[in-house]
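There are structures below to look over.
There are two complexes below, and they share chain A, which is joined by chain B in the first and by chain C in the second.
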Partner chain A sequence: MPLTETPAVEARDLRRTFRTRQGALRPTRRTVEAVRGVSFEIAPGELFGLLGPNGAGKTTTIKMLITLLIPTSGSASVLGRDVVGDVREVRRRIGYVFGGDRGLYERLSGLDNLRYFSELYGVPPREQKERIGSLLELVGLTGREGERVEGYSRGMRQRLHIARGLLHDPDVFFLDEPSIGIDPVGARELRATIAGLREQGKTVLLTTHYMFEADELCDRIAVIRSGEIVAEGTPTQLKQLVSAGRVLEVETYGVSDDAVEVARGTGGVRSVVVEDRGQLQVLVVSCEPGAEVTQHVLAGLDGTRVGRVSHRDPTLEDAYVELVTR
Partner chain B sequence: MTSARIFFIGGLMSYRALFGWMNPWIFVPSLLVSPVCQILLFAYIGRSAGVGDDEFYVIGNALNYAAIPCMFAMTFTIGGERFAQTLGLVLATPARRIPLFLGRSMPVIANGWFVAMFGVVVGSMLLDTDIPGSAWPLIALVVAVGSLASTGLGLVMGAINLVYRDGATLGNVLFLVLLIFTGTNVALDDLPGWMAAVGRWLPLTHAIEASRMLADGAAWGAVSGLVGTELLIGVGYLAVGLSAIRVFEWLSRTGATLDRI
Partner chain C sequence: MRQQVVCFWLQLKILLFSPFEGFLAVVFPLMFATAALLVYQVNGDPAAMLYAGIGAAAMGIWTSQTVSATTLVQRERRAGTLELVVAAPTPFSLVLLPITFAMAAIGLYSVVATILWDWWLFDIALQVENWPLFVLSILMAAVTIALFGFLLSVSAVRYRTSWALGAALEYPGWLLCGFVVPLDLLPAVLRPVSWLLAPTWAVEGMRAAAAGESPWGDLAICAAVGLAYAALAAWLGVRLITSARRDATLALT
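What follows is the complex of A and B.
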């Protein structure tokens, strides 16, 4: 989507290569291209999603944007400031939150965690109390702020992370898989908090594995695969990539690799994914419009116990799966 | 104002954050009982071998033990944050690095001073050494300078943690180096020339020598040069540590070393 105003975040042909060495006497060196020429723009006030499987380069991209990693080549800017050359100014104006249990001072209370980072971000002492109070209210931790973080649930920790990231009222907020490992209720509350950030006019870059989360929250989405952006657009536009077609779902018990390959080789099939659901393996077959593949796929499952067979319309998740498995 | 608050308030809060696990059950045996045991060990070895006197071993070993909290705690202020994955978040803030890391050294120096002074006081009482009452205030001052110098070395080790995740293990080696090279149990004059020369560039060497002279009744004028040298060495190590943090922070951004915990 072309942007008419100065972008809040801009990445231009961003690349990052990691070189690792293992072994002392006969070292083996390995070069990994984590990000391979990523370019995108995020408009001020936009909630932009970066989706991709593990190891696709999402976190590396974010780390370059928040100044923790220097790009191997290419450039990036936040609010017009270069992330390599103007580090302090970029850090002043961004907030960063990553998912998971770590990244908090376990032996301090939630309040003291926030007070410490207030000092590091230079929040004036007179404003600290009020700012922290309102953020605790925002993330629903009022009344629990005096407890040590080591006793917090994962959801509480994640909400404390968000409060920490907002202490200095940043203009741009980077959220790296914030809902990972949170229970459904906590995740719903978190999504409400993130939606609230957009309403406040914050620019947000969100990475997530959860399609419904991206679908619900994001204005635009970029799908990243093996360090490259393979699609970009609104959730609706991405769904349209596969909407002209159908999805066949076949429940199986113990599907073989050969049967999956037969399904993949069927004319009119775009992609095949096997999803484990308890004892079941569900063959998710994305088909071209008008393609009649059911009989052929079922024939390939000869000898395999088959359960329910159904058809449905494609979802954003189907679009995502097709994009990252092409 | 912001830098002053980061130095004082931030330094104290980070110490609470990183050393909240240091309860009396850990502090007393590891930082109060252990140095006294070390003092007694070397004092009785000295007695049985008929070399040195108790005061020599009390002061040497008590000050030497300040290196444990000073070096390891200062290393942990970076290494521990790295392990808890808070270091990246701290480094992503715009906080100036000099007050940020120097502020963390203040509680560490105070801890080292307390441990060393406890060793001197308790060691003196147990071995019945005769340190004149008038010498105690100056000994306390010299111990503080020695703790600062040890903390400087700890800051260098902490900086190494930015690029080398097992940097804290260096502390075990360095503690033994200090034990041998600083004249803790063998006077510098009795060490081979090269070892004495190395010792002159290490923290604690001059503080130990000055404290022994004060305990023997020397005036401030006689030890001020030694104390000044110790202070210079300490400031030197702090400067090297801060410069190393700057360089290694850059290297961590180019080499992604912080991602390895």
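What follows is the complex of A and C.
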């Protein structure tokens, strides 16, 4: 069922295949299906999260939506405009920000970067000064705009990216892992900026690895795994996928793959993930409701040094991990 | 128009702050001129020295433009800005054009620097009969070489290794454009290639203006070839961007 009659973003059975060639004398060709039939809708004013592990197809999906990649098949539209057939109009109405250090002219000042992109995005000359001033204020770079970008911290660059993406006042904003590599204070400020976008009525598609970020910001979340959407719903709905059960955490030192497989094969166990925490390996065991698996799991760890054993309620991260490791 | 002017100015700022491009622009033209003039000096013919002096001036623009223009898109790729400028509503050709003209402005410096270098080190005083037409010919050389660079840079959007083309064209271009060797000395089979290179006509125009002859015929052909470069680059730009979007080569470094 469509969310609205005219969604801000709509993807229908979107697919993207990459072909690679290796070797000069005896070239071998390989086909990689990065996105395999992704469909979703985002309502106007909604903040939609796309979660998935590295290589799941998040960035490829976003790049098709922002017209940087042509889908192999399927269709997508932004504000009713086809991303293949109506490229110019789509580009006028969207903003795009990706995470990391790149994407700015290092030798220009922050202000000159914004002036440059204002011209490329057709911001009317009369509005440029005021618009740039208000965006610098919004992202907290007022007073630093005259400095060259090469001297900016990663957080400052990321905030400048946000300002650049908003220069032409886009209706739909795509944020591809914007908080990657930013310190906790910077990430908190960034989340406040993103929340502010929603309050302004912007439609936002956000990809992130951080569950608490998705939980805090997103109205709805789609989890993507190996190019396919495996779950979609509000953060609460996703948590409910695993909330009926419990999570057992077992601290181990040097757990073997065989022991993990034994745990996985235990009745009542939904999934087992091994998390490295310093010298510890923590077995995160998601259990069915009412299942008593602790004794079986510990028996399977015979010969492995075991530390603390604890139980807790599932989180959104558990739901995510379970979805992407099924 | 405003977009072109503002982007030209900001790109010129980037180039002026770049130690690498600065080194290329300042030192290379002088070294090339020195090498060419040392060879010509052996004969002790003042007319030949003037011939080589004018050609050496244009040689600097050719070198800075062809090499820089083909690395231009690669530079945007490395900076992570290529996808952003492609995703902008402004046609990509209009993004590249001010960048290539910023490079042409740097190239113009090399002409002036080379002429002063020739005068200071080799005592070659330019005897120009018609200065306005001589300057116009220099500008035509700078603009048409920029347009040639523009054409090369567009191809680099789709083909990542085409930056090497600029480096490969550098030295053959000196011969094919007749900068320091008369075209009559080249094999007849190569002459059509020379005619397709706008700088050939621009340098002929410079020499004609210096000698007091009419450069208009050469400059008209130079302008026509330069416009053909621009039209071809604009046409190719759309197709190569579409091809890059289909084959996912925009983000690859």
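Everything that follows uses one rule, which is that the second predicted complex is superposed on the first by the 323 of 326 C-alpha atoms of A that agree within 3 Å, B and C clash if a C-alpha of one lies under 4 Å from a C-alpha of the other, contacts with A are read in each partner's own complex, and residues count from 1 in each chain.
In this text, a residue touches a chain if its C-beta (ideal position, glycine included) is under 8 Å from a C-beta of that chain, and two chains touch if they have at least 3 such contacts.
Given the structure is predicted, the values throughout are model-derived calculations rather than measurements.
Chemist: State whether chain B and chain C clash or fit side by side on chain A once the two structures are superposed.
Modeler: Chain B/chain C on chain A - steric clash.
Chemist: Have a look at where A:18 lands relative to chain B and chain C in the superposition and call it first, second, both or neither.
Modeler: Touch partners of A:18: chain B and chain C.
Chemist: Have a look at where A:106 lands relative to chain B and chain C in the superposition and call it first, second, both or neither.
Modeler: A:106 sits against chain B and chain C alike.
Chemist: Give one of first, second, both or neither to describe whether A:192 is in contact with chain B, with chain C, with both, or with none.
Modeler: Touch partners of A:192: none, neither chain B nor chain C.
Chemist: Figure out whether A:32 sits in contact with chain B (first) or chain C (second), or with both, or with neither.
Modeler: A:32 contacts neither chain B nor chain C.
Chemist: Identify the overlap between the chain B-contacting and the chain C-contacting residues of chain A.
Modeler: Dual-contact residues (chain A): 18, 63, 66-70, 88, 91-92, 96, 102-108, 112, 115-117, 119-122, 125, 164.
Chemist: Mind listing the chain B positions that touch chain A in their complex?
Modeler: 2, 5-6, 9-10, 13-14, 16-18, 20-21, 84-86, 88-95, 100, 253-254, 256, 258
Chemist: Once bound in the complex, which stretches of chain C touch chain A?
Modeler: Contacts found on chain C: 2-3, 6-7, 10, 13-14, 17-18, 79-81, 83-90, 95, 242, 245-246, 248, 250-251.
Chemist: Mind pulling up the chain A residues that touch chain C in the complex?
Modeler: Interface residues on the chain A side: 18, 63, 66-70, 88, 91-92, 96, 98, 100-108, 112, 115-117, 119-122, 125, 164.
Chemist: Which bits of chain A are touching chain B when the two form their complex?
Modeler: 18, 63, 66-70, 88-89, 91-92, 94, 96, 102-108, 112-113, 115-117, 119-122, 125, 164
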